[in-house]
Amino acid sequence: MADKVFLVIGAGAGIGGHAAARFARGGYHAVLARRSDQAGLEKLVRGIEEDGGKASGTLLDAAADGTIEELVERVERDIGPISGALYNLGAQIGNRPLGDTPHRTFELGWRLGCFGLFRLAHALTPRMVERGSGAILVTSATAAVRGNAGQHSHAAAMGGRRMLCQTLNAEFGPQGIHVAHVVVDGSVDAPDTLGKLLGDRFEAYKAAKGEDGVIDPRALAETYWHLAHQPRNCWTHEIDVRPFTDVPWWNDNPPAAIDTRSR
Amino acid sequence: MADKVFLVIGAGAGIGGHAAARFARGGYHAVLARRSDQAGLEKLVRGIEEDGGKASGTLLDAAADGTIEELVERVERDIGPISGALYNLGAQIGNRPLGDTPHRTFELGWRLGCFGLFRLAHALTPRMVERGSGAILVTSATAAVRGNAGQHSHAAAMGGRRMLCQTLNAEFGPQGIHVAHVVVDGSVDAPDTLGKLLGDRFEAYKAAKGEDGVIDPRALAETYWHLAHQPRNCWTHEIDVRPFTDVPWWNDNPPAAIDTRSR
Amino acid sequence: MADKVFLVIGAGAGIGGHAAARFARGGYHAVLARRSDQAGLEKLVRGIEEDGGKASGTLLDAAADGTIEELVERVERDIGPISGALYNLGAQIGNRPLGDTPHRTFELGWRLGCFGLFRLAHALTPRMVERGSGAILVTSATAAVRGNAGQHSHAAAMGGRRMLCQTLNAEFGPQGIHVAHVVVDGSVDAPDTLGKLLGDRFEAYKAAKGEDGVIDPRALAETYWHLAHQPRNCWTHEIDVRPFTDVPWWNDNPPAAIDTRSR
Amino acid sequence: MADKVFLVIGAGAGIGGHAAARFARGGYHAVLARRSDQAGLEKLVRGIEEDGGKASGTLLDAAADGTIEELVERVERDIGPISGALYNLGAQIGNRPLGDTPHRTFELGWRLGCFGLFRLAHALTPRMVERGSGAILVTSATAAVRGNAGQHSHAAAMGGRRMLCQTLNAEFGPQGIHVAHVVVDGSVDAPDTLGKLLGDRFEAYKAAKGEDGVIDPRALAETYWHLAHQPRNCWTHEIDVRPFTDVPWWNDNPPAAIDTRSR
């Protein structure tokens, strides 16, 4: 049995996989769960092991009833106590007008973006409370703080997720469980999500962004590690990240020559 | 056929009923929809009619598939064009720890608090876009902007609702549809919601709040009327309201003698 | 002596002048104060009087010590009780890099944008508290909620102003004084501010915005009137306004074809 | 000459002193500036040196014209390039009603809380821009995001400071300068600020907070170190911290038995 497990729900080759690797390097047994691509999953696990770490992988349909619950149960029984977890599922489907956003798409967005985190917390927090400690990190998006055109499904899911992080923090923080909501406000060099969304254009997109113009998931993994290991007298609940060249979501892009809307 | 219809989803004796009455007084045919209590519904409709207005009422299970859609269809066909709508469904279930918040409760909160608005917008916006105008008012809660302890279901639903209002506004504002998100940050003198939540204690609660210590839904209805009739060169998307005696959600209550957490 | 006075600090031909006219139409004696242009001021006063209202005008250097204080004193003594006030001074100087923002410019921005409101509140609230009522409306800007490039002076002043509105509301709300912070998130058809900033280009700018593409200060004055007369059981502290064609400050403009920064 | 200097404006025995020590441990020459207490300053410098680090100290009246500017000039000339700076001045004066907040107090709050950061940035950014890198960390307070009763001076200063951080970030981020705004939303074990504010009651206050109930400035210094060394593809602009037992500013404390203000 491992001393401590780091569970990643949504472990692709970007944020999830690199976070798993970082925590494995720090002594955790990393458990990587993702929906599909057994080969990709095994490659991530093998990479961690070749690096001297411990890891396991599992395919998981997070939208299906009971799956997350069963995984938590199984990991705790067979591998070790989950002292850190990363909920890293996105629900980005690209920009779509309301008329092209079917009811089931909107519902699936919520199942992955919001309900899955509720289910993970439901399954995991009783164990963490019993141990008096634990960290639940949540990868989030700009859509959690403002709703852009075409983002009906994604923004509604992420806005719910952000408020859920606050209610989880309010209940479980004082019981020793650190809940952190990370607003990823920039593009990530993530082949399995943005890469698939952009397809052929991914490499050109990154090149156009210039050097350090896209978030390196290795760098973000360091921030996750830092957050998960802050002493409990100094916990962060919300943090944002973006590349230095990116305009934060709250700024105009491009800036107006004259700022006509501010008196 | 009426010239213009004001549709209220969630028309109890509080905000919904008074908004319906206010818009009826202003010349709209008010359509009141609520889940249950046919007698209560008829009383509201009759009250509007006795006041010289026009109104219809219908019972509606907003959580069930197709219901909102059918209502929009029926109203537009039989009564008149819905030029104003108020989504007024709450999903408050009181404070409950995560362990006492079953999965289906969390899902129902989302169905009423978030998905229902998506469904209403889906059904209604094509018609409003065709007419080049319309107003969608959304009663919201403090839980849409911060997640308190015990509010897992409610805050997640409301946080999603708020972001959805922003995505709806981003898409439909430029097409002439006014979407307004109203953060009701205080208790409302609403017998059918807060009244039922508090039961016997409702009158004592209001008395303890003092004169003007609880939002009078008549007053809030005036603000709804104002919002819905702002010229389109000067539209409000978000507004908060509370009684003058209430501490806004962002302030400490009570204030610390010494503000130790602000450097 | 008038029954009730509406005092406008910053009464140009845009928001301030139209708010004064609206409140005069509603029975207030309007007192218009502005820094310069005696002729422009007299024209506003005369316009109100020809409309059947009561008004007075005064030139005022709001940045100079004692001026606002003296005005409040004089109005209360000679005209009547100030039951409503609008702090409408801007401090927009256009976009400037930090290196082109001298220390005295930054300080002047604060004097007009933040300190002047503090001074008005200092002078006015004791009288309003004694009377147990009053409304202080504050015209604010997008810069109060996010700091854009080139807006060092303006954003710092407005950010301070917004927090000051919250502290004023926290102290004086329960004493019957309504403090409202209005985020004007769009261009206003204001010849004395935006008009001067844009000069020759003002008319072309408005034309390019299209019909209803610029806030009509008459429309905004109606919202000010509504806010100032909400019953105290249902007060708004913060509200935003913009033309229907404008992208709210929190949205990307233009929207990305693919939302790459939201997971 | 040192390779890299970490400059702390506001280096008491709490956050400032511990951040200086942390950066000295990481290889920076720490320059500690504070208003008074030469003995306390020397003790901090000596402590760093005994720990094997390099440090210098200087008394500085940050509110006086030219002082910060002269210090930056002198450090760059005599010690080395300032590659990191921490603006750590507070302006907390305890809770005071508006009537007990004199004009000069409000102005001093702004001079320390907001204008000083503007001056530091004015003096420092041209050098950092020339070098293409640098980090400016800003200790901030809950008062930067909401204005509590009695906090007129402090909240107005901090609200301005936060917006200034955003405008600085917007201009200088793309030039390689990392600006981070840290919302310290909890009490810090800081003898020179909170300790002096509480006086005799400081120890009892900390005891009542329980184990890990007050932020240990050593822990916060680690977060500052992490922020200042994030790769530029993954920069944080805003982050909050508090002890695990503390209720975040946005939550009700204590939670209502029934959440009456959320529909």
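Just so it is clear, A, B, C and D label the chains in written order, and each chain counts residues from 1 on its own.
What we mean here is this: a contact is a pair of C-beta atoms (placed from the backbone, for glycine too) under 8 Å apart; a residue touches a chain by one contact, two chains touch by 3 or more.
Computed from a predicted model, the values in this text were never measured in an experiment.
Chains making contact with chain B as well as with chain C: A, D. The chain with its Cα centroid farthest from the Cα centroid of chain D is B.
Here the spacing of chain A and chain D, counted between their Cα centres, is 30 Å. Distance from the chain A centre to the chain C centre is 42 Å, each centre being the mean of its Cα atoms. If you average the Cα atoms of chain C and of chain D, the two centres end up 32 Å apart.
Within chain B, the positions touching two or more other chains are listed as 143, 146-151, 158, 166, 169-170, 186, 242, 250-251, 255. Contact residues of chain D toward chain B in the complex are 15, 90, 92, 94-95, 139-143, 145-151, 154, 158, 184-188, 190, 193-194, 197-198, 205, 242, 246, 249-253, 255-263. Of all the residues in chain C, the ones that touch chain B in their complex are 166, 169-170, 173-174, 176, 178, 186, 212-216, 219-220, 222-223, 226, 230-245, 247-248, 250-251, 255.
Put simply, chain B touches chain A in their complex at residues 97-99, 101, 103, 106-107, 110, 114-115, 118-119, 121-122, 125-126, 143-144, 146-152, 155-172.
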